[in-house]
Each structure stands twice: as structure tokens, then as C-alpha cells.
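Quick notes on the structure that follows.
Chain lettering (A, B, C and D) follows the sequence in which the chains are written, and residue indices restart at 1 in each chain.
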Amino acid sequence: MLRWNNDYNQGAHPAILKALMDTNEISYPGYGLDEWCEKAGEEIKKYLDTDKAEVHFLLGGTQVNYTVAAAALRPYQGIVSAHTAHINNHETGAIENTGHKIHAIDGKDGKLTAEGIRAEGEQYRISGVKEHITQPKMVFLSFPSEFGTYYSLKELEDIRKACSEYNMYLYIDGARMGYGLGAASCDVKLSDIARLADAFYIGGTKCGAIFGEAVVLINDDLKDNFRSYIKQNGGMLAKGWMLGLQFYTLFKDGLYFEITRHADMAALKIKKAFADKGIPFYFENDTNQQFVILSNAQMEQIGQKHIYEYEGQYDSDHHIVRFCTSWSTRNENVDILVNDIMELNL
Amino acid sequence: MLRWNNDYNQGAHPAILKALMDTNEISYPGYGLDEWCEKAGEEIKKYLDTDKAEVHFLLGGTQVNYTVAAAALRPYQGIVSAHTAHINNHETGAIENTGHKIHAIDGKDGKLTAEGIRAEGEQYRISGVKEHITQPKMVFLSFPSEFGTYYSLKELEDIRKACSEYNMYLYIDGARMGYGLGAASCDVKLSDIARLADAFYIGGTKCGAIFGEAVVLINDDLKDNFRSYIKQNGGMLAKGWMLGLQFYTLFKDGLYFEITRHADMAALKIKKAFADKGIPFYFENDTNQQFVILSNAQMEQIGQKHIYEYEGQYDSDHHIVRFCTSWSTRNENVDILVNDIMELNL
Amino acid sequence: MLRWNNDYNQGAHPAILKALMDTNEISYPGYGLDEWCEKAGEEIKKYLDTDKAEVHFLLGGTQVNYTVAAAALRPYQGIVSAHTAHINNHETGAIENTGHKIHAIDGKDGKLTAEGIRAEGEQYRISGVKEHITQPKMVFLSFPSEFGTYYSLKELEDIRKACSEYNMYLYIDGARMGYGLGAASCDVKLSDIARLADAFYIGGTKCGAIFGEAVVLINDDLKDNFRSYIKQNGGMLAKGWMLGLQFYTLFKDGLYFEITRHADMAALKIKKAFADKGIPFYFENDTNQQFVILSNAQMEQIGQKHIYEYEGQYDSDHHIVRFCTSWSTRNENVDILVNDIMELNL
Amino acid sequence: MLRWNNDYNQGAHPAILKALMDTNEISYPGYGLDEWCEKAGEEIKKYLDTDKAEVHFLLGGTQVNYTVAAAALRPYQGIVSAHTAHINNHETGAIENTGHKIHAIDGKDGKLTAEGIRAEGEQYRISGVKEHITQPKMVFLSFPSEFGTYYSLKELEDIRKACSEYNMYLYIDGARMGYGLGAASCDVKLSDIARLADAFYIGGTKCGAIFGEAVVLINDDLKDNFRSYIKQNGGMLAKGWMLGLQFYTLFKDGLYFEITRHADMAALKIKKAFADKGIPFYFENDTNQQFVILSNAQMEQIGQKHIYEYEGQYDSDHHIVRFCTSWSTRNENVDILVNDIMELNL
């Protein structure tokens, strides 16, 4: 069976394992105060084009999201996100557990819109009973979105503008950042993210690392004692250099971008196969996640050799399923999948 | 100016003030362990027709709601409510501040539906990734709703059934309980509420008391150390007998039901005036809150003598406004308002 | 039986009940945005001698304490208090429930010392692992203390200095403020409290009101959206003018100080009786709470006519008990108690 | 420079790196639902001698501690620990951030006593105002303690008895479990821990793993939806098999016990050197952490070649410092340190 159900089903890029081997007998200071975290931060900053960036390394996406919320928000402040946002659906209420309301609003193609943000901000601005409602203070979006779609540079700039108009932070969840930036039609660069967001994270777990996410804080308001928030929220790794070392390896010579682009290109082949076959997409996109609508029979047929992720029912006879490529996807497996797609019964 | 903007703009029913005067020089034990709280509980229970009720007195509705949530829910559990629910919109995120997600769903006429609850429960039941999502464990509804509408006995029984099917608590916010139960078309009695809900509260603040809400716990699961939750959440009044005394006065001879029915009847006169005038209702109901759609000109005209509550824009030229009656509404003022409604320009 | 167990066992000062009666049929805006809250704030400010004071009215002491903590502290910050502090012992962990650690330290005579505060601050200042520990950011003290003792002006000034040196807020719980300020040997005035504290509250519940506490914020850092914290934490009374009206009545002509001084003088008579009798004090003080050490036999003897509060065992044959006077204490009852003390068997 | 400052300054045991290499190209299900987590649990259970154990893998100690607290405690319940406990001092108030009070009490040699636990439990049991105080519901202890000392089997059994008498959970932090169990004089086995505790964790980070802690739940009350708590609290690793694989490797053939015993034996040599030299110990013990009292001059002398951890001032001229061995300590380095200790000036 070939696994296409997600982009975190294999270990780590060989270069990372090699780096772990090479440094295994060296002693380092703990808790992220080591040379590798320092160097990894420097490598990442080379792509950011700003001197305001502060880089921290945490262990996983859910943890990053609620830790940033804890650092950024006061108890009466909440987060604007799309209904489909990861924080709203798949993090076991971690944001609310941290004490903050999510203002979930309608998006488009799995994405927030500047209009939606403005409407939320305006509702608070004009309220005569502000003390009875929560203040929408931070905008959360994923780049790319949970459905593989992503924002154009213009869309992001509009959203930034909306945030600034209503005094909101813009926070970007980049669990799959590389797969978005590496997409064929993407006109956004990491430096744009750094220019437009108050904080964001660059995902390691789904992009070649064993684990780990690099949080980048731009806005000074979010930097105050951030390490205290990391520790308090269980994100401070004793052997922190393990995180720095992984990100250093990924960013040193652009490996991160190379391997995520590889995944996007593999996904395009799979997408083309589905399209050629006339199979409809749930959300069309050119990143590593392809969401297609299959009939029961097709699911069974393709399921004989391939593991996909089931997303939900589409209609009485059809379902939404996800096929993911990743940094570890092998071309020969892509060929097998493409072939099997072409042989699907319609 | 006559105030119709809410039902909590005057002090307390004269019988309550008299009771305060009569007992003012008597010394009592503190923190609700006094004879009046005991007696008030007994009087309330006479209407409940169950031996499972445990009665506590707290200070206000927001406080009651998050205190019950704290007592009922584990951190990974959330509350199902209508989008329009008070806890979702007007309590400054107090439920989330307590750590719990609100699963806000669409309602009908400001009310939840059994179907909506079942859909939410079913989504959790069939989920293969329960640990990634919050469990909808408690249903919150207001009786009457925030828009003055209320549930028929059949609707409540259906909702109870849905809750039981999906192992959810049913919790009823009765800030205006009396105005609902006293409505002309209401077929629900307080004993029905006690039979169907796991917990509910009977509002005092809006129904004749200076302040105070009577929480009734039916389900044993919610009773464990409830007084600890009250104290921890700031709801334990040092001079607790003041709460008991007020509720005793209200329930002793049915005063509570008498004065809230009075308000409903006054509201019906106002409703009839609007209807006769052809002015549309936002949500039609026969309780003490009447939501009507007025033009800018009408708002200005009626606003010269009457204070209403502005609810929001309806269309470019119209707005939703609320006229409330209460236990303290005087018939002569109702006549003035009715007269002024009849003279509104169309 | 005469109740001396606490200072909140009777209703309210007659002037307060009269004020409630006089205004009972007037309609007011809700949630503390009324004329009485405004006027009460102005009357209180007359004693504060600063133009920085912002006054809010909440419902009870526990609620005030955790609400101020929520507004003042970030999640990694804690509160320094004496081990004997109310927040550390008798508020059901409300501060921790709000997410903050209490740094409980040894005090003296129930009071914090500047030295103790400095030691706590210094420990954090010199720590090389600040992200692993909580920052002591707020000092909590009660004036008078939980044992009726109080700080001299010099002691308070030293504590303020210590707080400033270590960048901590000074917050003063004045549940019994009047009984402290009115004590014969007290050299502190309310304007000193306002000059030295960043925030404090003036207790109503124990000093003549039915309920209610007046929170005074001095430091601008604590004022941001404080009403949102009040609402979120269940402290915003719908009929807020009831709180304003009570405090206006208490402060208009100095009634608050008059009635608390009366209690202190009554306590002095009781204290003198115990002293004359040779009965030892647990903490000697001249406020309304007298803590004495009685034998089992003495407890039984005095307990035949008087209700005191049992505090704990002192040695195998002795116990600590509290006798409280209050604004409502009658002179003839004091005489009875004094007489009965004089007749205690030794 | 040789690092003795802690036991987490080198990567991972070679067998673990080898396991990572061997499985790197295999695809696994995510979030701990893989074969390695299953197998690792089975291997661990072989040492537990009970069929009640449920094993979960989390990322770090702080995270484990507050996640177990979240799962075990209701908001009004707290944790009894020694003042010196890790949760009380070095986890940035994570327990309080989760909403729970720590009842810190005096210990002995860095350890809790059954007497201390009973006193805390008794105080709650006899309290007449339980709703005003927090219930001590869970006992937290580290095995070995933060100072390298550990409990005898009899002490642990007494503590278990005290917990049962007062209806408290016993939770054991085993960040360094192996170093305790492997100590020469230790009469406790892992099966004793499993028999006496309601929950505990076996540390990986400090005992040969890159990262990861194995939580063992014994008491059914703590098992309810524990995976939801893990996810909500940021402890659910996407590539969860990485954790299972490490623990499988450590426990398969007793490697865990072998490498921690090695560290203890190395520590004994260092201890003997200090003792021979007449240098006093702060807390004497025979585990991998040796706390000695050095003069300023001695610290400088030994610091020229060795990195120790500074713990705090002892007296005007002396300081407490820690020398740690670990699974990665090399015998030749021990010899160098021993030699340098022998040459210390007195």
C-alpha cells in the first residue's frame, strides 16, 4: 500500500538524520540556547528581508498556535478565522482552552477575505457595548489553507491593510508554508510573509523534519518574554539544539524550498491525471494536497493499492478524499498512482 | 422620557424592599447557609415536581452560565448553542475564558432545533479523530430566547431527546423565565423545565429582584461541590440571605408569576398597537420583548418620548429596535406608548 | 445569641435602605453607566487626592481580586502575598483558576514586609533561567490584614519602594479598609493608599452596604478595557446604579468613616475587657477584629450567649477565636459581651 | 571543556539513532496510532506487573505534568508537592496556568513525607468551609527527587497509604526514573511504582532518547479521553511513531536500565572523590546528580576544565553546584573529573 493520506508519514530528510548522527556526541547547552538554534535563525532570516524578526523553535503546530495566542492576546480578545481554519476544527479547542474566543467567519475557497475581516472589525468598532463582547484582535490564516489553496500577494496585502485598519495582528500558520510558496502560480515569497504578518510559523514537521516548527515574531508587542510562554506551554525542548539543527539543515542551502517544490510538482502530475480523467476537485489548487470527489466505486478501486485521507461525504454517492504528496514522495510511486488514476472506472 | 429599552431599569418589587427592611437588623450566617436560602429553595421546589432539585443562588446571568460550564464540562468538552445565544454574543467570551468552546449553530426564530443538536452530536459520534475535536457535551438555550420567542413543550421534549441520544446535558438560561412561562401561548410549565433540563436558572434580576439568579441543578453529575465553583467564580455573596430573601418573597405566593404575566400582558398591548399600525416584527412573539422594524423617521418620532434599545440595521432605511416591558411597567405608561405608536407616521 | 463571628451578618445601614426606597421607581441605564456610579466615584475621589483614580464597582472581594489579577498580569506573572493572605487561603484558588501563581512568603503579624518582597523580586532579577520561573509582578496585601493588624505609613511607603525597585504593582485589598483607617493608632489615610498603590478596593460588604466593592485603579496600565474584565468575570451588575447608590450614600458625608470608627471603638472596649481579664491575644490590634486565645472551658462559657468565629487550635487546651464588631454593632450588646468576658472563669 | 551540568546535553543513544535510520523510509499512521507506540507500550508493560496500565507518549516533562493535572483535577482541586518540587519552581507556573493551586509543603531531603500529606489532607477534611478552600486531590513527587534523593519502598507505601486515606491521586514524575531505580541502594522496582501510583511517567529525554516521555495511567479515572488532553495541550506528535520507536528501543532488552545504571556508577566514582576529599554534599545520594558545596576558589579551579550547574549560594564563601552524569557519560571523562577533584585545593 502506498500512503498519500498526509505529508507526515515518513521520518525525516536524510540530510537531517545525517546532521543528527554527526553531532550526536557533542554536548550542547539546553533549552534552545545553543549554537544551532542561533545559526538556524540566521539562515531563516536570510529569506525574510527584515531586521525585526525573532525566531523561536517549538514542537508542533497546535502548540505554536495557542502559545502565540497566549502571548498576543488579553483575556477579552479573540481571533478571527475562517470556519474551516485548523484552530477552529482540529486542535481540540486549544485556543479556547487558552481562554480566547474564535470569531469564525465565512471564507472563500478555504481562505479568509479582507472584507470578512473588515466586517468583523467594524462590528466591534461601532459597538456601543464593547465591554459585553470580545475584541477581534488577531487574524489567523493558514498559508496555504487547510484545502491547499493560497493567497495571492494582492490578497495578503489587502488582508494586512484590513488588519491595520482595525488594529488586529495578522498571524500566519505555515505548517505547509513550503508547499504554498513553491506552488507554480504562487506570487508570494517568504519575505512578503515577513513584511505583512505580525507573526508566523514555518512548519518543519510536514516539510522534511522529524518534528519542529520555527516561529517568527515580527511585531515587538509579541516578543515580550516569549520564551516564558514557550516553557509554560510545554514547547521548550530540553535538547533544543535538535530543533535548531534540523532547521539549519533545511534552510542552509535552500533544501526546504527544493524538497517542498518537488512535492508540489508531484502533486501536479496527480492533479493532471484526475483532471484528464474528468474527476472533479473539491478545491482546485496546485500545492501538495489534492482534494477530489470520488464515487464509492472509485474509492474502493483506488483504495486497493493507495491510502488516501477520507474527508467527508459529498453527496449520496460521492465523497471528498485527499491525496497528499510530500518531501518524501518518490517519483516511481507517483507514476504508479497516476497510472491507477487513469484506470479508474467512471 | 419613558424607558422601554430593557427589563432591568428599576429597583425591585416593593415586597422585596419591604422584606429587606423587615430583616435588616437580624443577624444571619453568611455565604448562603441561612434560613432564607433554605426557605427560598423550598418555595421554588414546590413548582418543580421533582425531588432531585438542588437550588443555589448566584449574582448574575453571565456568572451563572460560566460557573455551570465550569462545573459540568471537562476541558475538551464544549457547548452547543445558537449563533444568537447570549453566551455567544454578549458575555465577553466568558465561556471561552473558562476554557470551553462554543459550537454555535444555526437556529430558527432565535431558537435551537433538535435537528441542529443531533447534527452536531452525530458529527462527533462518527468522527474518527475525536481527540482532535471538542466534544459537544452541553446544550445551551435560553427560555425564552434572546428574541422573546420560546420553545413549545414538544420542541423542548425533542431537544431533550436529542441531548439524551448524544449524551449531552441540557442547560436552560432562564434570565427571563417568568416572561416565557407567563406568555399567553406558552404550554411549558416550570415543572417541565425541571423534568427536561439537567440544570437551569430562574432569573431574578429581570423579574423583580434587585439582583440574583436561582440555579437549579437536577442531574447529580453537576452537583459535586457546586458551592466550590460558586465561590471560586465570584458568585458567593457574603450576605447570601439577601438572595434567599428575595427569591422567597418572589416565590412564596406566586408573586414571580404574577408580575411577569403582568409584563407579558402589557407587551401584548404594545404588540397589538404595532401590528394594527402595520409595523413589521423582527421576531414575532408574545413575551415582554417586542422587536419591531422601524424607519429612521419612526425611530426619531417615537424616540422623542420613549427610550428603546437599538438592535441593529435592517436595511438602508430601517432598523431593528426593542421595546421591553417588565414587572415594573405601569399601565398608564403603556397607554402613552400605545398612543404614540398609533400616531406614528408611516 | 449575639453574633460576633463576622462583620457581615446584618443587612445594610439604614441610610442605604432609605436610598434604595427613594429611588426604587426611577429608571436608570444599566451596567454601571448611570448617574449614581458617576456620583459615587466623585465622592470617593474627594478622599483620594489624585486625578489618576478610576473607580469601578464590583460585587464581592474574591471577584475583585481575581478580576484585577486578570487585568494586571500576563500568564507567566504571579502575585506575591503573605502565606496568611486571603487570596492564598480562602478564595478557593480563584487566582490560580485565573491562571496565576501565588508566591506565598512569610509575613510578620499577618503582614508582608518590604524585605520579603525584595527577596522575592531579587530572586527573579538574578535568575539566569527566568523563562523557567514565574515573574513576581504584583504584591497583594490586605489593609487591615486578615488578622486585624495594619501597616504603618512608613511600612507602606517601604513596601511601595520595594515594589517600584522590582517593577511590581502594589494592590491593596481593602475589604475592611474603613476599620483599618479608623483605628486609633493608624497613621494612614485613604489618600496615602491612593498615592502608594497601583490599585486597591474599598470594601462595602463589610462596611455598611448590602454588597459591593469599589475598585480604584491608579496606574494607567491597569485601566485598559477594565470594564471588559468586569463583564467577563461576572462582576457587572445589570442594575449597577444599586452599587453606585450605596457607595454614594456611604461616602457623601463621611458616613463610611463614621460607622467603621464606631466599630473600632466598640472593639477597643471588648479588647480592654479581654486584656483586663488577662486573656492573651493571638494578634494584638485595635481594629474591629479581636483574636483571643481561650481555653475550652472559656469557649463554652462565653459561647452560651455569644457566637464567635472559631479559627483553629492553639495548643492542646486552647483555641484561637475571633470576635468582630461592625457598623451594625450596638453599644448595649457590647456592654453585655464585656460583662460576660469579665465573668469568664480563668 | 567537559559538560556535567545536566543529563540532557547530548543527542541520543546510538541504538535510537540506528532505529530512526532503519525506519526512515517507511510510512506510518500519525498521532501515536502506529505499531511502534503499540510495541513500546507492550515492552514497558512487561516491567509493570499489572494489566491496568495504559501508556501514552508525550514530548516533555512540563507538558506531561500539566496535562495529567488537566485530566485528573477539577477546577477547585489542587496538587500537594514539596516546596522544592519541579512543578513548583521550574515550570513557569504551568500548573497554575492550567488553573490549579499547588499546595507546597515542607519536605525532607527534597522528598515529601506521608505525614506532610496527611496533614494537608486532614486540614481539608476537618474544614468547615470547604467551599472556600481548594481540595488537595493529587500528590506530586519526583522519583528520584530534584536533588537526586529517592524514596524507599516503605516510604512510598506510606505515601500511598496517606493518599488513599485522604482520597488523593499519587502521581510520580519520573523524568530521571532510571537513575533512581538503578541506584545501588534503591529497593524500589518499576512494578512497585505501577502498583502504588495512580499515574506516573518514565522519562526519555534524560535517559537516552532525543526527546519523549512515557506516561503510564493506572487509575481508570485518569484514562477518560486522555488523548484529547494530549492533543489540546500540544503533546500529540504528528510523527508519533518516533516516540514509540525510541521507547521500544530503550525497553526492548532493558537498555534503559543498563544505561541509567551506568550513569549511577559513574556518579558514585565522582561522589567518592568528593567524599575522599572531604568536600560536603548538599543532599547526599547515590544517583546521577551529585550536589556538592564548593568554595569560590574550588569552583574556579574545577571550572577551568569542567562545566557544572550552579544551584545557589550556600554561605558567604560557598556555593551549591551540581555534577551530573548520564547515559552518555564516558568513563575516561569520569576519570579526568575524579582526578581534578582530587587535586582541588582545600
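The rule is short, and it goes like this: a residue touches a chain if its C-beta (ideal position, glycine included) is under 8 Å from a C-beta of that chain, and two chains touch if they have at least 3 such contacts.
Please read these numbers as outputs of a predicted model, since none were measured by experiment.
When the interfaces B-D and B-C are ranked by C-beta pairs in contact, the top one is B-C. Centroid distances built from C-alpha atoms place B farthest away from chain D. With centres defined as mean CA coordinates, chain C is found 34 Å away from chain B.
One simple way to say how far apart two chains are is to compare their mean CA positions; for chain B and chain D this gives 50 Å. Counting partner chains per residue, chain D shows two or more touched chains at residues 75-76, 91-93, 97, 99, 131-132, 228, 231-232, 236. Chain contact summary for the complex, chain C toward chain B: residues 2-3, 6, 8-12, 14, 17, 20-21, 23-30, 59-60, 62-63, 66-67, 91-94, 97, 205-206, 210-211, 228, 231-239, 242, 328.
Those residues of chain B whose C-beta lies close enough to touch chain D in the complex are 31, 70, 74-76, 99, 130-132, 135, 224-225, 227-232, 236.
The touching residues of chain B, counted against chain A in their complex, run 75-76, 78, 89-93, 96-97, 99-102, 104, 128-129, 131-134, 310.
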